[in-house]
Amino acid sequence: MYDVNKVRTDFPILSVEAHPGVPLVYLDSAASSQKPAAVIDAMNAYYRGYNANVHRGIHRLSEDATNAYEGARQRISKFINSPDPCQVIFVRNATEAFNLVAYSWGRTNISAGDEILLTEMEHHANLVPWQLLAEETGATLRFVPFLEDGTLDLSDLSNLLNERTKLFSFTAVSNVFGTINPAKQLIEAAREVGAVTMVDAAQAVPHMPVDVQELDPDFLAFSSHKMCGPTGIGVLYGGRDLLEEMPPFMGGGDMIRRVTLEGSTWNDLPWKFEAGTPSIAEVIGLGAAVDYLSQLGMDQVLEHEQFITNYALEALSEVKGLKVIGPAPSQKGGVAAFTLEGAHPHDIAELLDESGIAVRAGHHCAMPLHHKLGLTATARASFYIHTTTEEVDKLVQGLNRVRQVFRL
Amino acid sequence: MDSSVYREQIIDLYESPLNFGELEHPDFSYEEDNPLCGDVIRIEVKLDENNRVAEVGWSGDGCAISQASASLLTEEIKGKTLDEVKAFDKDELLALIGVPLSMARVKCALLSLKVLKAGAYGLPDPSVMRDQ
Amino acid sequence: MYDVNKVRTDFPILSVEAHPGVPLVYLDSAASSQKPAAVIDAMNAYYRGYNANVHRGIHRLSEDATNAYEGARQRISKFINSPDPCQVIFVRNATEAFNLVAYSWGRTNISAGDEILLTEMEHHANLVPWQLLAEETGATLRFVPFLEDGTLDLSDLSNLLNERTKLFSFTAVSNVFGTINPAKQLIEAAREVGAVTMVDAAQAVPHMPVDVQELDPDFLAFSSHKMCGPTGIGVLYGGRDLLEEMPPFMGGGDMIRRVTLEGSTWNDLPWKFEAGTPSIAEVIGLGAAVDYLSQLGMDQVLEHEQFITNYALEALSEVKGLKVIGPAPSQKGGVAAFTLEGAHPHDIAELLDESGIAVRAGHHCAMPLHHKLGLTATARASFYIHTTTEEVDKLVQGLNRVRQVFRL
Amino acid sequence: MDSSVYREQIIDLYESPLNFGELEHPDFSYEEDNPLCGDVIRIEVKLDENNRVAEVGWSGDGCAISQASASLLTEEIKGKTLDEVKAFDKDELLALIGVPLSMARVKCALLSLKVLKAGAYGLPDPSVMRDQ
């Protein structure tokens, strides 16, 4: 296992104080991760040394920018073992990836009577775009339920997945339960009925090895900002034939081949789906993030997170009145969403913040999940490559202070 | 713990809220939640013949800040005219709460006022109250 | 007028060499502008000091990030004199702004037989989204032609703008001709027939004062990367009532009020149109760019550019065989697109690059404009706040070298 | 001017292209443009009874690099079999041009080859040639 204290020195923010005299304990990586200096520096190098628009330029700056932009695409493609960089399409965030597929693939392939299968534990990003699509087309949404322990109830899957199912879109890892779903099995089951598959890998790609050739989904989405990369950039991976067939999503510069006043033809993949000036610095930053994670090794990242999650679940079980939702550590990513009897999650988060501990409180963009549990909110601590057992200990101390303030 | 926003008063009100409960035949009532956090507050008001607040009850679910705010607000408006309720300023409420709040928590604190005003104006659409 | 040499010291890249020993002369700001240190530093401060997701967080970092993000929106709103920050919607770039309007407003308001009026000098960003919309709805696109001098031919406007015209979308400043179009007059004319108006301000907001209350368009779009700001962010300004009525564009986190498995309701403006984790660092960077430009003063920026453009047009007129397209300096922004007889624009750009001079060659995402002129490409030098007369002189020298190499 | 890619040979070919012109009854022909820059090249080929290139002509419009490339390529394939034309490698063409090219200019240089191969394969869709 790598030396977590060495990793910590890679992150400038980890030496910042949350409040004067109070060191920061950042346990909110599932919402957005911190960035190592290498990522910040890569973007600075672009802005300070070779900032220019890409693709259309002949001068040195534009040439360098294009090489850096397309070079990053190649490394990101390799990071998820995509067969070809042209299958890596840059979007703003995972959310846009779902919307792109819903508009471009959905509007041409979904009609009344078709079914779209999701799960009850989806992030709004993998729910609302399909609701909009279903409303427009008359398709029906169906949901794989989850069990009390936060794992999927697959007992009725053979009914839920049927010949009307055109799409099965599900999360690889729940951002609330932490559940690691059996993605490969689900994809295979969907393929048997001829359904297209889409994987929400927003909480998977940052935390464990993801190999799209092994998993073989039709579409897969993730966000840079959750994996050491900058904001404003994310990836839609797609099967090549599907992407070739799909009409463009947005129109504009760079995505065209030829434009006349009467009509236009489209550029090749991946640019067909990248209209306008791309997020150049952001792609370069994500490229640096992927380099950083590769150098740590995603196996190592997973191992460290499993170690910390085990430790945390153990430690949290000692806090009276605290209940972590989700499955046992062996099926769980580095996320602990919990309730504490007698204290509202908001108050927990605020009191922890007074101790420098950053956790999230709310529905974590998974209202239906919370609703089913009869909760409006949970508090959530989430762990990443730089989380230490000392930080988990501080969390437990902080929670005990919450209990004290609330006279529990 | 001096720096904490969780003064004794807030915790007291969280444990023992004021005016908690529902009224039989309110003159107006309104319910809204802060969808970003799930706090939900319902306020019901009975006016007397002079259009003054005769009875007020609130119910709901939420954090200590939103709950304390509902207690303090409902206590404060008793006896006020409908026009005074409509004119009730958010800074007055924040002063009643009396602890410095971050932007996110200001929303918790003001949910009760938003609900009250929406009810007082008889508005069907909560979103028009956004700027209050 | 401000001291251009002082301004130059604000831009780290301007002391970089294009090639070893060859200083950079950056004349490609119309494609993408350089960034002052203040903008780069603002993003670094976020990533190094208070990086966190916005809106949903209670901890200090998230609170600071939210304040910075929404504070930037307020300053950007003020920069264009928007009546309310909620009318400033963040998008990836100007291109996305057009697509957002085409999908959300267009799909609900345009039907067969309706007309959408554009001009013949539009950037593809303000053409292709409407082609896609027209194809889907059966609407017709019509075009205000341009005259030989690159100004709009308004002689037939009263016919082109008629009761079938549902939208008039046009560029405030052409990115090829540099033409400054009479935006206010065009908006008023459109309003008379009840057409909604959209202004492509991608080449206006960076270069001159733009006041949306004075201009009063229904929609207006611009990109950060052309105005000293980072890549990956742009603005759609819209009239409040219109934005309120419009359905959302993308679905996901942050843009919702309440989500159940059965359906969802939408958040208030501007968030209704901002699905998923926003481009936080980028918005903070654009806020810093707006601060930087405000402190220079947009009047001063315009004055400097007019001075340089005048100087450049004068100087370029001395180069044999060179023809600048577009109107006279008084109606022209800081753009000089030209042809040089006997040398292809690509070769011009490459030879200039050998002298460290960055210009663009191609159709500049305005194929129909070039087609009408019987050209496939032009070379384009574009000027910004840091351009000096010495740089223009170097351009002229560089062009004379091109003539020499091509034996002209 | 030593560092320039614009060697004498390139300029010579730009001024006096080789094999420029159209053929009467070509066995195959193809035309494509590089939409990002507007360069357009058309190549027409006549084969002899042994399926070897007997005559070749090109026409089009573009930069010195793409034009020189078309001259050099058409000169080079004379007498080659159809299979040899199909197998003609991009690196061979770049070697013929003989100056180091940036990524953007490589596209200019290879347009003629792309057109030639599309014609040789009898392909209707230029985009399948993307990886050549």
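Labels for the chains are A, B, C and D, by order of writing; each one numbers its residues from 1.
Here, contacts are C-beta pairs under 8 Å (C-beta built on N, C-alpha and C of every residue); 3 or more make two chains touch, one makes a residue touch a chain.
Fair warning: this is a prediction, and the values are worked out from it, not measured in the lab.
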item	value
Chain pair showing more contacts of the two, A-B and A-D	A-B
Whole-Å gap between the CA centroids of chain A and chain C	31
Centre-to-centre distance between chain B and chain A (centres being mean Cα positions), rounded to whole Å	37
Chain A and chain D, separation of their C-alpha mean positions in angstrom	46
Between chain D and chain B, distance of the C-alpha-averaged centres to the nearest whole Å	77
Contacts with two or more other chains, residues of chain C listed in rising order	56-58, 62, 256, 258, 346, 350, 361-362, 367
Residues of chain D whose C-beta touches two or more other chains	33, 35-36, 102, 105
Set of all touching chain pairs, with the criterion as stated earlier	A-B, A-C, A-D, B-C, C-D
Contact footprint of chain C on chain A as seen in their complex	12-13, 16, 18-19, 24, 26, 28, 31-32, 34-35, 39-40, 43-44, 47-53, 56-62, 92-96, 98-99, 102-103, 120, 123-125, 127-129, 131-132, 135, 141, 143, 223, 225, 230-233, 248-256, 258-261, 263-264, 275-282, 346, 349-350, 352-353, 357-362, 364-365, 367-368, 371
Complex interface listing, chain A residues touching chain D	55-58, 62-63, 66-67, 256-258, 267-268
Contact set on chain A toward chain B in their complex	343-347, 350-351, 354, 361-363, 367, 370, 375-377, 401, 405-407
Residues of chain B that touch chain A when the two form their complex	1, 3-6, 11, 14-15, 33, 35-40, 61-65, 102, 105, 108
Residues of chain B that touch chain C when the two form their complex	33, 35-36, 102-105, 127, 130
